[in-house]
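Each of the next two complexes has subunit A plus one other chain: subunit B in the first, subunit C in the second.
Take a look at the complex of A and B:
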């Protein structure tokens, strides 16, 4: 009798999770392989042959590869700055975490008002005299400009996530390590590379996995800024499901996102797992 | 005080959870966030901009006795909501409004048969092709035609001086149209002046489906990769060079026209109406141009339907009858620039802007070589994928500068696979015949 009560108490949560997460997940995975009632890979050939799929895959990977390192460097820099306890450290911390509270779409719309053809950036550039007619940052035939705008908006919006995790990790590192290294004559760079970063490796691992998976799923920011001119995998999932009313191909796309996220997580866990002694 | 035992805590939790469940069961379950709650819900994809919805609500209050609350949504969520509600057996709305493309996929399964209602309303003068569309390929009527619209050119009067000599703006050919926008662009210091609705929610694929391809090739699907079609796309590429590049962000053309970003536009009458509203004397509305095979134009049809299992079917039928009266349809024209589908003489006291549009639409419809094109008929839920073929062709050929012949061939294969799965017969302007395939 005593050993069954924990299971009884857990039962509601387990049932809840199975019904609301497990069953739809299974349905979704099956939907990608089904057409009517028969097993088929037509949906996958449809997805693969779509002109937007190749571009979406390329854009998603490119965006992730550009955004994640930039955010890490920035976040570690910001965290170390805070760690040196400047004046108004609390104010800086709050300011730097404000974007965390904004929705993706709201952030996209804010940056749209900056990057659009008659937006703040073009007004500023024409006031300076650099570009009297403005630059078409978000024009459909300016892929570099669109990538730049989406990268800037994403870095602004999501660096705070990595920042918060790194700050939490840094606070767990005892000050003695750093002071001991200073006593031994290590330069600031050597201290950073050989003492601080290895000490926060677990936090970095968590932040890396989290941020990369979320970067693969960027959608609302790019949608607000570029519409369909900069296709991304999750954006294409939305298109297929809502506009084309084809849940099967949308499922297939979502499975592609899942596969990439899983692969990336496994790679991270393996490479950052060394020296567990 | 004796320590609280685990057993009593667990009992207390059980009691509160059961009580909570009982209480919440009494509460009213709301399925919609309506403005002004009670009464029958009219769920529609039309008039989503706030001003249009407000004007329509005023019209409903004036034309219909009883409370009708008008709720708008996008086409995707519309379809999902109706399907899930009917499948679950708890339908919250009694009246649906939408384009043919919104209602046709729901017919025969999710909508109520309205054949008797239509017969009961008598001969109000709906054109035969609209009633045919409303049958969605079956023998029964699934929606009552409500309003129609089309697409016209809207331009500032000062651009008329750039028309090529001998051209009448009310009877342009596509070549004259191209010369006109090119001359206007040159006069504007090389900056393009034409606005096209190439945004994510814009309807530029209707231009190719209903205007460009029928005018150049005489068909929509069967002639998709004919030599005339290659000509048509080559023309479109030329035309696009004179279009404002930010057209890829335009969902509504009236805003750039009113803001001065462009001075010539082509779009849906209801989404052009705001441009000349303030200064009707500065604007001109013209029918779409004609091509070698005639003046192809597309008709947009909206309809009213009743979902299967609707809670207040009789009230819905009354509202349908009320909104089908000629007087109510003229009021809709005045309010939201959607034209009547019933037989009615347009009164003389329309606002100047609506009058401009009505004249242009009339000229388009009564042209001697007019070629009616309909949006795809009978393709059900795959309508989006059929439009996608046209959109992807535009993206590759016009925006991406791909080779026209090979793009048309590969997209024709996609189209044939789609139509092969659907096994539908062709719709105007293609000759009726089944199954429909690209030649």
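Take a look at the complex of A and C:
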């Protein structure tokens, strides 16, 4: 009797998640390999043959590889700044966490006002006399500029998630650790590298996996800034489903995103476990 | 207080060595640098929001100017008004609010009992359940949005607030369970036992003892879920045509809309975030502290 109560409480959530995650997952796999009623790989060849696919795949990986490390460095730096108790720490904390409640789309539109051809950045550069006519950051033939804009917007938006996780982790580290290291004459850098970071390792791991998986799913930032000129995998899924009305290819693309996310998670978990051993 | 040169001895016969003020000075410089860095980061966070607000409060003529002045020369609400009155925006706003509220209610109704079970009971399969929830959380939204659209289409639920609510609830579920678990852990079990001793039933105990103590945390969890639903773009965009939420509406209208629409839309999507964080501020750390 006693042991049945927890399962009664858990049951609704399990059933709900199986219905809304498990079933669609199966349906998605089926849809990707089906045309009419027969098995086919046509959807995959069509996806593969699309001119946008290669670029979307490359852009997605590139964005993830650039954004995640930058976010970690920034977030740890910000957390340490706050840890040293500046004046108005509460106000700073509030301002640094605002992007946490901001949608990808909103962040993209915010930075659009800055990076667009007649935007604030170009106005500023023109005022400085560096580039009187401005720079075409978001021009379709300027992939580096687009990547830069998307990276900046994404770093601005999503660093706060890592920041909050790191701050929460730091709060659980006893102050004595740092003080002891200080007494033994460790420099600030040594204390960070050998004391503080190892102590918040679990938080960093959670943040790393979470952020990487979320970075792979980014799309609205790029959509707002560049339309389809800087394609990303999830954005392509959206295109195939909504504009090209092809659910089968969209499902195939979604499975590619899933496969990359799973691969990344597995690699992370294995590496992290091996290092701990 | 702020002695800048070595303090000399009070009496002439007892000469003290001069005080080394160097460490103090270094410390002050460090403090000043920390202070400066904090202000810089804060500016980096705030300035883009201010700029999009400026853009949204400029006339469309001024938006087309180059180089643009940073502060608009004549403030106007025309751009914002244009956005608000354009097709679909107001209904989309309503849909967003409804979807958010339904998602909060549904995810708490399903997730909070699970969170309570995790907080109060040690049972076999507990770890397996937690791993299951973490795995679900790692799945990308796209993977379920597209097939669910097809399923809802067949079931006749496509393009409804209910469909979007279901997807958002599924997205919010793992976090809801984890957050509510950490909230219920913080409610002392002794109080519950005391209530049972004094003759409350299980349900009464929950309603009259546990719930009042958990309400602030649950409210924060509710805001969190609402924000998640409010901001979600992809699922809402894929699942709806006529009954879009606000982000989905803006996303779809992006391709063929003037800059003024985009900036006003950007501002409209940003402003609620300021309020949401203000409401959740005190709970942010405990939410993310519990191992995500």
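By our rule, the second predicted complex is superposed on the first by the 262 of 277 C-alpha atoms of A that agree within 3 Å, B and C clash if a C-alpha of one lies under 4 Å from a C-alpha of the other, contacts with A are read in each partner's own complex, and residues count from 1 in each chain.
The criterion applied here is as follows: contacts are C-beta pairs under 8 Å (C-beta built on N, C-alpha and C of every residue); 3 or more make two chains touch, one makes a residue touch a chain.
Just so we're clear, the structure is a prediction, and the values are computed from it rather than from any experiment.
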Check whether A:59 is in contact with subunit B, with subunit C, with both or with neither, and answer first, second, both or neither.
neither
Is it subunit B or subunit C that touches the larger share of residues in subunit A?
C
Tell me which partner A:71 touches in the superposition: subunit B (first), subunit C (second), both or neither.
neither
If you stack the two complexes on chain A, which partner ends up touching A:98: first (subunit B), second (subunit C), both, or neither?
second
Can A:136 be said to touch subunit B (first), subunit C (second), both, or neither?
first
Tell me which partner A:227 touches in the superposition: subunit B (first), subunit C (second), both or neither.
both
Looking at A:196, would you say it contacts subunit B, subunit C, both, or neither? Reply first, second, both or neither.
neither
Return first, second, both or neither, reflecting whether A:242 touches subunit B, subunit C, both chains, or no partner chain.
both
With the two complexes superposed on chain A, say which partner A:51 touches: subunit B (first), subunit C (second), both, or neither.
first
Both subunit B and subunit C contact which residues of subunit A?
117, 227, 241-242
As the complex stands, subunit A meets subunit C at residues 3, 5-7, 9-10, 12-14, 16-17, 20-21, 23-25, 27-28, 31, 78, 81-82, 84, 86-89, 91-106, 108-114, 116-120, 122-124, 126-127, 134, 156, 161, 164-165, 167-169, 171-172, 202-203, 206-207, 209-210, 213, 216-217, 219-220, 223-224, 227, 234, 237-238, 241-242, 247, 250-251, 253-255, 257-258, 261-262, 265
Hey, which residues of subunit A end up touching subunit B in the complex?
49, 51-52, 117, 136, 138-141, 227-229, 241-246
Touching subunit A in the complex: which residues of subunit C?
34-35, 37-38, 41-42, 44-46, 48-49, 51-52, 55, 63-70, 109-111, 113-114, 116-118, 120-121, 123-126, 129, 132-133, 136, 138-151, 166-167, 169-170, 173, 177, 227, 230-234, 237-238, 247, 250-252, 254-255, 259, 262-263, 265-266, 269-270, 272-274, 276-278, 280-281, 284-286, 288-289, 291-292
Can you check the complex and tell me which residues of subunit B touch subunit A?
74-77, 79, 105, 199-200, 245-246, 248-249, 381-382, 384-385, 388, 392, 395-396, 399, 414
